[in-house]
C-alpha cells in the first residue's frame, strides 16, 4: 500500500475548516449523508453572476471528509459551477483511475494516497458532491 | 475445441470414478477456475461492507470485480444492474415480492405453462396476497410456449410477462422477440428465467430487450449458493426492497427508514461473497470459449440422443423433436415404465439422469404426462455419455418389463 | 489449548501476510475443515433433490449430514428443526415474512434498541405491511438491554420478542432467561439473533427456551453464503412459506397449491449445498473444542484490551466495562477523532478494525454516539493482536491530533 | 453399491398387484402423494374385530412402490394394526439402519437392496404409511 493518508497538509486543511459555518441567504443548499459511517454534510452556496460567491458547510465527518470540505470552502468562491464540476471529475479520476490532475487542480494532490483505499473515496468526494447538489438546487431556482 | 481438453478443466473428471453425468439441468459440474477463485477468496477474507484495511479493500474489490464479470457475461450496460442473490429462485422471488408490491388487484401477470415452479409459485402467492390476475400462456403439443396466443392474452392490464428463456423439461427456447414485442405494446415489463440458458453461452440482455433476467451459478459451472438478477438500468431505482437488513439502508430509526441505491438496496446482509467471486470466474471463463464450436458439439450430441431414442418404439419424447430453437435437454416417457425405475437402472450403470416432474407440474399437466426421464447435456459431455444412456435404456427395458 | 495450534488450522494464517485480524464480528476467517468440505462437495456434485444415482445420493446424504451436524451444534431436538438459509439476514427475514403473515394489525412485536439492522428493518417493514405495533426495549447506559423494562413492555398483545443474543457493538449478552419468561407469560414466541454468539461456543436451544434461533456461517468459521434458522419443533408446521419455488411444494397448478413439510417448505430452490456442508464441518469442528479453555483465553484477551483502552484518557467505551455476561467485542469512541480515521491509521499498521455505526443506528442513537471503532476477538487471536491495536491507537492519536 | 434393486421377486410382486382395486364400505381410507415423482396411492381398509379384513389400493407409482403396495395387500388381511405397524417399523429399520428383520417379516427382505438408495426409501415406505393412515382414520371413527 502507498504512503500514509494523513499527511500534514490534510490535517492543516481540516483544521482550517475553510467555509465552515452557516451561510445566510443561500441560493442553493444540500444535505448528503453517508449512512455507513453516520457522516453528514450540510452545504449552502451563494452565487454572484456566473461564479460562486460564498460557501458555507457544516460537516460532521472524518478527517478526510473535513479536509475535502475545507478545500471546497477554500477554492469554490470565485470559481464557476463548471470549474467546480471539473474539480470533482479530476478528483474522482485521480482516485479511481490514477488520472493525472489538470494544472488548475494540483491542490487535489493531497488526496492522492487515498486512491489506495476505495472504501475512503466516498469520504473525499462527499463535499464535492454536496457542492454539485447545492449548485443544482440554485440552478433550479433560476 | 476438444472435449478432452475441456474435461481436464473440471475437477469432477479428475475424480476416481466420474459417471456419465447427464443431469446438468439440475446442476452442472463446477469449473476449476470457479472453485479456485472461491477457495482463494475464502482462505483470506474480510466482509465487503467497506473497511479501510488491506483485506477488506481486497474483498470489496473482488466482489466488485465479480459483479463486473457477470455484467460483461450478460452484456449489461453497467455493473450496477447486476444484483447477486442466493440463486435463481431467490432472484425470481425478489421480483415477485418487490415488483409485485407495485401491482394492484386486477393488474395482470402473464406466465406460461412451461414454467419451473420457481417462476410459477411466487406468482400464485402474489395473487393470494394482492389479488393480481394470473394468466398462463398455453403450450404447443411439443412443449413450446404458444407465443401466437400472446395477442389475445396480453391486455392493457398486463404489467409483466414472466417466462422461461429455455424450458428445463423440453429444452425449448422461448421466442423472446415475440414476448418483448407484446409486452412493449402495452407497456408491460418482461422477466426472463435464464436458469437453463446461460450454461449454453453468454446472453445479451440488451439485445434480448427484457427488463429482468435471472439465473443460478450452480447450473453454469459456478458454485452453489449464489445467483443473479440482472435488471435494466433505472427499473430497480423505483422498486422497494425485498430482504432488508444490514448494508441496504440509508437512515434507520423507529420513525425513519430510507434505503440505499441499487444494487445495494437488494443485497441485504452479508452477500455470498466467495460464491459470487467463484461465479465471476466461471463467467469470465465462459467468455473465452468458442461458442459456435460448443454449440456444434452440443447439437451433435443432441441429435445423436434424439436419433437413438427414436429407435425405441415405446419411447415418447416430451419436447421438440427437431433441433431448432432448442437446447440439449431431453425428456421422454417409456410406455408402461415409471421414470424413477428407468433412472434407477441407469444409475446402477453410472448414467446420471433425473426422473419425475422436474419441478414443472403445470407443464406435465398441460402435456398430459405423469412424469418423464430427463437427460441434459453440457459442454463436457461426449458421445460415450449418450451411448451409455442408449445402451442402458435398452437394458432397462429388459430388466423392467 | 494452544493458540498456535489453532491458528495452524486456519488457511488465513498460512498466507504470506496475515494481519492482526480483529474484525471477527464482521466475518471470521474460515476453518480448514470447512473449506475442504465445501471444496470437496463442489468438486464432484449433484443436486440434492433426490435422484437415484450415486452422485445424487451422495449429495443428498452430505446435505442431510450437514443438517444433523448443525442440529447437534445447537442441540436441536431433531435435525429437521434446522432450516438452511443464505445467511442470518435471510433467516431473520424468513421469520418476519412467514411468522409475520400470521400477525394482525395491533399485534405487538417487541425488539430492542440493541438490534442489528437485520433484526430491526424487517420489523419496520412488517409494520408498514400489516400495521403491527413495534415496541423497542430501551438500553442501560452500558448498552445492555434493559430487561427490567420487560414487565411494562410485554402486553397481552405481544406475539413475539425478537432480540439479539449478543450485541455486535457492545458484546453484551442478553438475559435470555428474563426474555423467555416474559414471553411465556403472555404466550408470545421468542426469536434470538445468534449471529454474534455461536462463534464463541455451541448453544443449547432447548435450554435457552427460545422458539427461533438465527445465525450466519461466515461469522463462525464456515463459508459465506449460508446461514441457519433453527425453530422449535412444531412451530414451522403452522407457518406459511416465505420464498417459494422448486423443492418446497406439494401440488402445483393454477388452482391448487400445497406445500411440503418443514424444513423443505422453507428451502425453496437449490439450497447452498456446498456451503451447508462447509458449515456442517465447521460446526462439527467446534464441537470438539475445549470451550471452557477457549473462553478463558478469549476473556484474558478481552481483559487485556479493556485494561489497555482504559489507559487512554480520550477513549470512551461503548458497552460493558466489566467481563460479566459479555463477549470479546469492544467498541469505543476516541474524543475528537472519527472512527474511520482511527481504522485507517490502524489499517496502515495491519490491524484490522471496523468503524462506523456497525449496522446498528438505533443503538448509537440510544447511547448518544455518532459511531465507534470496533475490535472483535476470535479464538485464534493472541496478545500480539491486542498489543498491536493498543500501540497503533497510541500512534493514531499522535497522527490524528 | 449393492445388488441390483429389480430382482425377479419384486417384479412378480408388482405384477401380482395384491389388493389392488377399489374397496367397498371401507372403515378407513387414505390418500398419499409423493409430489417429487407425481406418485399417488389411494388406500382403503376394512376391519373385522381387531384385525384387518380387507385392503384395496389404487397405486400410480414406480415398480418399487407397486411391489410394496402389493405386499401390503398380500400381508395385511388377517393381521392386527399393531402387527402392520411393526412391519412398517421393521422395513424402515432395514432401509435406514440395516436393522435385522424380525422372523415374522422376512418377506420384506426383497427390498433390502433399496437400502443403498435413500432417494427410493419413500417409494417403498409409502404404501405402509398409507395403510397406517387409513387405519388411523378407521380408529378415529370408532
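Note that the chains are named A, B, C and D in the order they appear, and that numbering of residues resets to 1 at the start of each chain.
Rule of thumb we're sticking to: a residue touches a chain if its C-beta (ideal position, glycine included) is under 8 Å from a C-beta of that chain, and two chains touch if they have at least 3 such contacts.
What you see is a predicted model; the values in this text were computed from it and never measured.
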Completion exercise
By C-beta contact count, A-B versus A-C, the higher one is A-C
Handout entry: Euclidean distance of C-alpha centroids - chain B vs chain D, Å
Key = 38
Practice task
Starting from the mean Cα coordinates of chain B and chain C, work out the distance between those two points in Å.
Solution key: 31
Completion exercise
Chain centres from averaged Cα atoms put chain A and chain B apart, in whole Å, by 45
Problem - Residues of chain D engaged with two or more neighbouring chains - result: 1, 35-36, 117, 120
Practice task
List, in ascending order, every residue of chain B touching at least 2 other chains.
Solution key: 49, 51-52, 54, 56, 249, 251, 340, 344, 347, 355, 361
Problem - Full enumeration of touching chain pairs - result: A-B, A-C, B-C, B-D, C-D
Exercise for the section: Spell out the part of chain C that touches chain D in their complex, as residue ranges. Expected result: 49-52, 54, 56-57, 60-61, 249-251, 260
Completion exercise
Touching chain D in the complex, chain B uses residues 337-341, 344-345, 347-348, 355-357, 361, 364, 370-371, 399-400
Fill in the blank from the handout: Contacts from chain D onto chain C in the complex sit at residues 1, 33, 35-36, 116-120
Fill in the blank from the handout: Seen from chain C, its contact residues with chain B in the complex are 11-12, 15, 18-19, 21, 23, 26-27, 29-30, 35, 38-39, 42-47, 49, 51-56, 86-90, 92-93, 116-122, 124-125, 134, 136, 216, 218, 223-226, 241, 243-249, 251-254, 257, 268-275, 340, 343-344, 346-347, 350-355, 359, 361-362, 365
Handout entry: Residue ranges of chain A in contact with chain C within the complex
Key = 1, 4-6, 11, 35-38, 60-64, 117, 120, 123
